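As structure tokens, here come the structures.
After this come two complexes, each holding chain A, first together with chain B and then together with chain C.
Let's turn to the complex of A and B:
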């Protein structure tokens, strides 16, 4: 059985006033090399492709963001996007999957002032 | 065989794409760029991480359903495809991309009525991302 879990360092922060209905910016950074498969190492051996392929963000079980990443994304992919905070608070869940089908996720509790 | 290896190392192989993402085709579509802004540096020395910011404002009454970031001259032109399960009237995104060579980077948005908007931003790339061995 292949290892289907992929744990990577993730930075997930929210910029803006943490209040119900306020517009904030989700700042998401994933620690991944995003190997394109076009690169060769110093001994001339081709480095195999290994990228994060899909990325989803859920807010309280509702899908709000679904991205397909290509080799054109830089290493340590960074995505900043807007979000309107829900009145009741909740949890933000980020899930990723790489091109070998390994996946992982992280969550962040929305704490209001 | 040898030729294939050389062209692969030059990073010019194109993967099979169902969609036509060539510069000529994208340009010939004559997409409206109303309400779109792309913030991309005019010149890049480090093509491995080029900051790109985009903002899309949908026409009145319309919402943005998805959008693509496309670099026609990259070996894999489709950089990012973003779907918004809850369509938005306006959206913005900041990210970092890799580019193989000097080209125009396109952002193509699809609205909830199926209409598409598209805008291109030119950039000069002095060092391709494909030769980097660090």
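Let's turn to the complex of A and C:
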């Protein structure tokens, strides 16, 4: 998704029963063009590379997921990973940074049934 | 003996009117996706269009509710476009993305391109509201000259659909009526019923409006591609929407 603003759209959802100790799937979708740097525009000028370089997910300040993405990743990347929900609950924080130096974060509070 | 000759345009219009009746036999392009892509379409967590829908909802609340306070009243707007509008006495067709831009100009916001992320987000939001409602593109009733202009546009769109184009020398009708369900390389040809727009094409890796999709068709048959927003694209869109009248809107949707 072409976006010139500093914040990119991020969707963070959890699939599975929202209970302590249950296994859920963290589903992360980020709206980013993931411009490879290999393309040229209609006037022949190379489009500069701009991809999400790094992405981290922390649960209560503990790193639980980290990704270094490459140019082979499609636009609007989707990243799913399993997570066992902690008994004490907490907050998931996603942080990302792209080649243009833009960065940001999204938080999600774990709410149990 | 006197031979009655109907003009070609009258015959084509008759063909359109007759074609509208068989609501059961007409199919949405969504049915031609693989089961995997249909599953991706159904689940908002895996459907990338969710990103545009969320942004559209935020934009709608921030920019549009000033003039349109009741979102419920806007539920069916996406089913009625393209519409004929009179600008300085000239009739012209306007689709939903054009209308979003016209609203921007009216409220003194800078105009954006038809394929801009904000334009498509708002279009996505409005199309999401109209999901399941039947396509309802009707001739204007306010002025007789508007009706004449609308019918002329529909006739031109109908003729365009059946006109051979490009180095491939193909008309829309050859594939989208004659070869529906067969393979075109790796693609399955779907019938031309535009109920799923705007579309997220995996090929584009982004969302696109019906304007972009039709331009891609021109490029596909190696014809001169019309400029975005040109009248001939709108006439073709009018014909396609009239052809799909009564079918439920099932977009925004994923396409290959």
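Quick notes
Basically, the second predicted complex is superposed on the first by the 106 of 113 C-alpha atoms of A that agree within 3 Å, B and C clash if a C-alpha of one lies under 4 Å from a C-alpha of the other, contacts with A are read in each partner's own complex, and residues count from 1 in each chain.
Going forward, a contact is a pair of C-beta atoms (placed from the backbone, for glycine too) under 8 Å apart; a residue touches a chain by one contact, two chains touch by 3 or more.
Please read these numbers as outputs of a predicted model, since none were measured by experiment.
Annotation: superposed three-chain arrangement on chain A; chain B versus chain C shows no clash, the two fitting side by side. When the two structures are aligned on the shared chain, A:13 is found in touch with chain C, with no touch to chain B. Once chain A of one complex is fitted onto chain A of the other, the partner contacts of A:24 are absent, as it touches neither chain B nor chain C. After superposing the two complexes on chain A, the angle subtended at the C-alpha centre of chain A by the centres of chain B and chain C comes to 90 degrees, rounded to the nearest 10.
Shared-chain residue A:75: touches chain B and chain C both. When the two structures are aligned on the shared chain, A:93 is found in touch with neither chain B nor chain C. In the superposition on chain A, contact of A:42 is made with chain B only, not with chain C. In the superposition on chain A, contact of A:64 is made with chain B only, not with chain C. More residues of chain A lie in touch with B than with the remaining chain of the pair chain B and chain C.
Once you line the two complexes up on chain A, you'll see the smallest CA to CA distance from chain B to chain C is 5 Å.
Within chain A, the residues touched by chain B in the first complex and by chain C in the second are 74-75, 78. The touching residues of chain B, when paired with chain A in their complex, are 8-9, 11, 48-50, 69, 71, 74-86, 91-99, 129-130, 132-133.
Considering their complex, residues 1-3, 9, 11, 13, 15, 27, 29, 31, 33-34, 74-76, 78 of chain A touch chain C. Put simply, chain A touches chain B in their complex at residues 36, 38-42, 46, 62-75, 77-82. Looking at the complex, you find that chain C touches chain A at residues 45-46, 48, 50-52, 54-55, 116-117, 205-207.
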